[in-house]
Structures are given as C-alpha cells and as structure tokens.
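Down below are the structures I want you to see.
In what follows, chain A forms one complex with chain B and a second complex with chain C.
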Partner chain A sequence: MAYLGGEKGMSITVNGKQVELFESVQQLLAHYSLENRIVVVEVNRDIVMKENYATTRLSHGDVVEIVHFVGGG
Partner chain B sequence: MNNRYARQALFLGENTQQRIQQAKVLIIGAGALGSASAEMLARAGAGKLTIVDRDYVEWSNLQRQQLYIETDVRQNLPKAIAAEKRLAQINSEITIAGIVEDVHGLNIEELMKSHTIVVDATDNFETSLMINDAAMKQGIPYIFGACVGSYGLAMPIIPGETPCLHCLLEHLPLDTMTCDAVGVISPIVQVIAAFQVMHVLKWLAGKTMAPIVQSIDLWKEERAEINVAKLKNPHCLTCGEKPIYPFLQFENQMKTHVLCGRDAVQLRPGLVQEYSLEQLASNISQQVTNLVVNPYLLSCQFEVYRIVFFANGRAIIHGVTDSKKARVIYNRFIQMGGACK
Partner chain C sequence: MLKIADRTYHSRLLLGTGKYPSFEVQKKAVEVSQAEILTFAVRRMNIFSAEQPNFLEQLDLTNYTLLPNTAGAKTAEEAVRIAKLAKASGLCDMIKVEVIGDQRTLLPDPIETLKASEKLLAEGFIVLPYTSDDVVLAKRLENLGVHAIMPGASPIGSGKGLVNPLNLKFIVEQSEIPVIVDAGIGSPKDAAYAMELGADAVLLNTAVSGARDPVKMAEAMKLAIDAGRLGFEAGRIEEKEYATASSPTIGMMTL
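So, the complex of A and B:
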C-alpha cells in the first residue's frame, strides 16, 4: 500500500482497494479530486448524504464505495 | 427458420427470446456506447432498433466505435446512417431505423413514443437528463451508462421503482469530463455497453431490477456497487409526487439564433452556469489560436470557426449559419474545455 498522506498504519478499503485512512469522507474525496464532482458515497453499506461529508469520520477497517458520475460515451 | 438465436434462447428461455424479438429499443447516441449496444442488441434479435445521433463519422471515432469503417469517414456519413447500414448487414431480420437528429426537449417525447426501453449512449448530462424526463413521463425503463478514460458506470432506471437520474444528479455537474478532454480506451466502452445490454435483457426477461449503480475502472482495477434506493427523492421534479419534467421545458433547452448577415450563430444554454474563462482558456490553449480572454468573454479561433464564449455559457460562433452545426461545434468546444467552473 503506497503512503499518500493519510494516517500511518491505519487503512480503509475504497472500491475494493486498501488505502490509508483519511479522517473524513470529505478528505477522502479531496484526495481523489472528487470534492466538486457528482458522487455517491457509501460507508459500510450506508449512503452518506452530501451535507454530511465533512462530519462523517472514517475509521480503520471501514469499507467505502464511491461512484463518480461522468458524461461520456 | 434458421437457428441464429439458439444459444441465447437456451440460456434465456424461449419466452424471453420472444420478448426480445418483440422489443422496440431506442438507443440515443451512436458513438462508442451506442455502437456497442446496438451491435449486441441487433445480434440478439431485438425486434426494432432505433438509433439516433446528430454527428458524423470521423477518424478519431474508429478506435472504439465498432460499427464504423474507414469508408464511412471518407464519405462523411452521419453516424445514424452508417450505423443503420452496418446493423442491417449484421441482422437483416430486424427493423432498424437510423435517425440523424439532435435530440432536444421538443422532439425527445415523439422519438421515444412506442419504444419498450431506452438506452442512454449520449456524451453529456444535459441530454441524459432530458431522456430521463421523457422516460419517466412515458413510463419507459431507461438504462443509464457513461464512460471516460478507463472508467464507467451504469444503472437501470425503472419508472415508479428506482430513483431516477434527476434524483441522483440533483443539478448539472460543474465539471463535466468527456471523451474529448481526457480520452477513452475501448475496453471500458465494451464493459459499460455490456452492463447496459445486460439490463435490457434482464428487463425483457422479467427480472426485478435493483436500484444499483455499478462503476468500474479497468485500468486501476477498482469497482464499486451502491444500492441507491435511499436517494429516491419524493419531491423530485422528474419522478416525485408533482413532476414538472424540467428538462423537457423549452426554457431549459439550448437556444440557438442565426445572426442574420453575420455568418454566425448565437447559442444560449438552457441551464445557465458560470464558467471560469481563465480555466477554460488554459484547457483549450493547445487546440485553438488567437486566444483572447477578458473578464467578460473568451475569444479564439477553433478550426475554421471564431468562437466568442461568454462567462455564462452563451456563445457566438462565426463561420457557421446552421443552428444544428453550431450546436455540434459548441458541444465539442465545451468538451475540449472540460466545461469547468
């Protein structure tokens, strides 16, 4: 697992891949440059509403799924 | 009778095969996703395939748009026509209608009428939201799909059951990545089209369609699946209690106006958004010449056209007198600029 700036020794699973722990959903989205994009985020099988991205804390072992809406085809 | 569908019928059953052969499928967009879906559905024996597209075949399409060949580019064939021709060679026993048309709020309902299911293969959210409105209004299942780079997503939208695209998007994205801005590789096209056609077959087979949005990035080897039932908005203006289908309304359509005697067309997008002209300029600087930016507008030479683009999305395109063509140029320009805030 490459160290990308999160908390050392702690990890979460994002879209099936293990990455280091980020403090909040908002920070995780910022890491992927998705803050201002249309995304649906799920933490441990529960969708996080947009207005709660900043206050939703992540913990070691959390399973996160992110779907990003794009236009193209 | 030949047995061209034998293997498929063995898997799906004769009843479903019958339903496929009675189905009338509308595919909007004959680009990469549309080509792939249309070919699969033609081979599957979909009774009627309607494929609508406003563009013509170019060299840059051939890498991933599987219905087209070099001759189509040389002949400047509209995609809908080239697609119809190729699909008829693949399956002469089905009805295929290629329609060269810019889909907008005033013609989408007529286009969609009498179809069983609609497959989204467009390259922009504005059209997708319009298709979503029309599909919800007419109670037709709508299979959303999109891809850029090596990433894509798909979801079945069933009127009265799943959330609709408007529930999920709420408003138009500020930063619309598209093929022209970031590129795309063909494997993701095949995967997303496969998801979409799978949803069509499952719907025709009478399966329950779960409100699950699936995404996959082939290059990064990442995938996600989210059940979005929770996002169904009871107040949604498209699928809620009091629908007004906002994207079908004329006020929300791109308006074009031919400027008499000026060899120019003005375009005004239906959904006004503020663009950062500086950011737009930096994104397009490699592809245009004579680039000028001031606080009010951006002006540049793009191919043989001079484009004057205002911060609210309004534009005047010089060197063209045809509204339809001006829209195509406008969309290519926006895509190239990454349509950023």
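So, the complex of A and C:
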C-alpha cells in the first residue's frame, strides 16, 4: 500500500509543506508524477540516490527535500 | 582551447541561465552564444505544479557541460550541501562555489569560499570558485588545487564592467589554472577587455538575459570574447603619451 496517511494521521514534510506519508521515496515521487523528472531527493538531510528510491522507507515526521536545477548564473 | 581539469572547450563564454524573458529566447541565445558550459542554480521544486516546464530538461545535455552553482549559500557547509545535491543528479561533477558574504553587494565570503573549495576538492568535485578579485586569495585557492579561478569584474548583475582591471591582470599573470572573469559584465566591451587582459574565459548572465534583445547580445558577447582573445594572442601595441606617425616621414615631395 502506497498511501499511509489520512486516517492514521501520519505525515511527512516535503519542501517545507506537510503532506501525507508515503511508503517509500519512489511512491512519493510517483504520486507527484516526478519519476521521470530530473530531481534530487534528500531525506532528513541525507541524499537518496536514484537506485535507492524504492528501498528508502519514509516514516512519520521525515523531512524531505526535492530539488531540481533552475536558471541561475 | 579552454582547458578545465581534463576537459577542453572551443568556447570561452560560459553562460548563465537565469532571468530570460522566455524559454524560446533563452534557447536561441544559448545556441548563438555557442557556449558549451551553462550555469544553473539548485532550488526546491514546486512539486504541487510539477508540470511547469524546466529549461534544463529541454536541453540536449550531450552538448553541454552543466556548471551548477551554490548560490544561496552563506557558509561553506551550505555550499557543500548544495554541491552534493547537484552532483547526485548524476549530470555533473563541476561546481561553481558561490558563498555570498554580503547581501547588498553580493560579494563572496572569501573565508567560506576557501573552506568550501577545500571540502569539495576532497570530495572529488571539479571546483570553480567565484571569488573577489583579491590576488592573494586567488593564489591561495590555486594552491588548494581548484580547477579554475573565477574573480568577479564587479558586483553580480551590476553591469559595471571591470572595476579593477589591474587586479584581474595580476591574477591572470600569476595563475597557472584558467581564469574566468565572472560577474559584473555589462556590455561586449567589458567581455573583450577581460579577454584582452588575458582571461581564459568569461562567465556572464544578466548582460545577455537582461539585454533588450538577448539573442543579439549573446552573439555580440561571443564575438567580443573571440575578438578579445585574438587581440590578447596577437599582442597589443604599447601605449604612448604622444603621436607616432604611421606614414613615412622621409621622401616627402615639396608642397
């Protein structure tokens, strides 16, 4: 089951916003349609490499950052 | 050829990707600039409207080297964190170290820049620090092993051009690594001037993206940089206080 939030009231913080808890980084990315985008993911300040998206479990209270490249000089 | 670490480039123009009026204009500007190295910033993605287009994702990345910056960092630690995020994309291992120490002038913090560069070198990055035009700092960074030094010409986005050409010249003369004049370029004459001083390359963004016609300005910058480089290689004449006739002074008929 991907979605673990809702009734259990469990959540994580993604890019500063509270969202429902997902089972893994992969599930989180899939929910926001980011699987094929160029992004980098940090969970609790540790970078999660692509090959570990499926096996990286998320828990209530985790702080996730999803970053990408934007225009800059 | 511009050589940074083990890579070589035909173009001596490094182009920033911020603040263009549209992706279409930006794409054309990048194309006509013939730049091979493009800078980017690392920021949070707006995951709640992820369908919005992203410039980098529209590029053929086989044609470009990505040079992410650590803009937004105020400490070495923050810069290292941003650099690691950029590298984890698997798209780049070069980093423009940018640690700002003063918000009004956006001038870099030399001590944090040095610390961040040292840590990132130890992590195996190709390190290009954006620095002030301090000659001794440039030397200290070179001694650490950075792969190029990027002194600012004047404050970021100011368009003031080369406010201290003498310092830039000193840095060029002492450096055995590429010197890339970064920040403050306003017009093609500034870019040409930097190249005439012997800089190996110029990094600019606002001068192109903020021009009335960014595509035309991208071409102008490319030509200015090429002209400045050729001029440097050709060796300019010495300046003199008074005139020296170009035409023969002998063999003149009676007038």
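The rule is short, and it goes like this: the second predicted complex is superposed on the first by the 60 of 73 C-alpha atoms of A that agree within 3 Å, B and C clash if a C-alpha of one lies under 4 Å from a C-alpha of the other, contacts with A are read in each partner's own complex, and residues count from 1 in each chain.
Just so it is clear, contacts are C-beta pairs under 8 Å (C-beta built on N, C-alpha and C of every residue); 3 or more make two chains touch, one makes a residue touch a chain.
The structure displayed is predicted, hence computed values, not measured ones.
Chemist: A:Tyr32 contacts which: chain B (first), chain C (second), both, neither?
Modeler: The answer is second: A:Tyr32 touches chain C but not chain B.
Chemist: Using the touch definition from the top, say if A:Gly16 reaches chain B (first), chain C (second), both or neither.
Modeler: Touch status of A:Gly16: both partners.
Chemist: With both structures superposed, pick whichever of chain B and chain C touches the larger number of chain A residues.
Modeler: Touched residues of chain A are more numerous for C.
Chemist: Answer with first, second, both or neither: which of chain B and chain C does A:Glu42 touch in the superposed model?
Modeler: Once the two structures are laid over each other on A, A:Glu42 reaches both partners.
Chemist: Across the two complexes, what residues of chain A are contacted by chain B and by chain C?
Modeler: Of chain A, residues 14-17, 37-38, 40, 42, 47, 65-73 contact chain B in one complex and chain C in the other.
Chemist: In the complex, go through chain A and note every residue touching chain C.
Modeler: Touch list, chain A to chain C: 14-17, 32-34, 37-40, 42, 45, 47, 49-50, 65-73.
Chemist: Which residues of chain C touch chain A in the complex?
Modeler: Going through chain C, the ones touching chain A are 16-20, 26, 39-48, 50-51, 54-57, 66, 68-69, 71, 81, 84-86, 88-91, 156-157, 183, 203-206.
Chemist: Could you please specify the touching residues of chain A with respect to chain B in the complex?
Modeler: 14-17, 36-38, 40, 42, 47, 65-73
Chemist: What residues of chain B sit close enough to touch chain A in their complex?
Modeler: Its residues touching chain A are 29, 31-34, 120-125, 128, 145-148, 151-153, 168-170, 173-179, 184, 189, 192, 213-215, 217, 220-226, 228, 230-231, 341.
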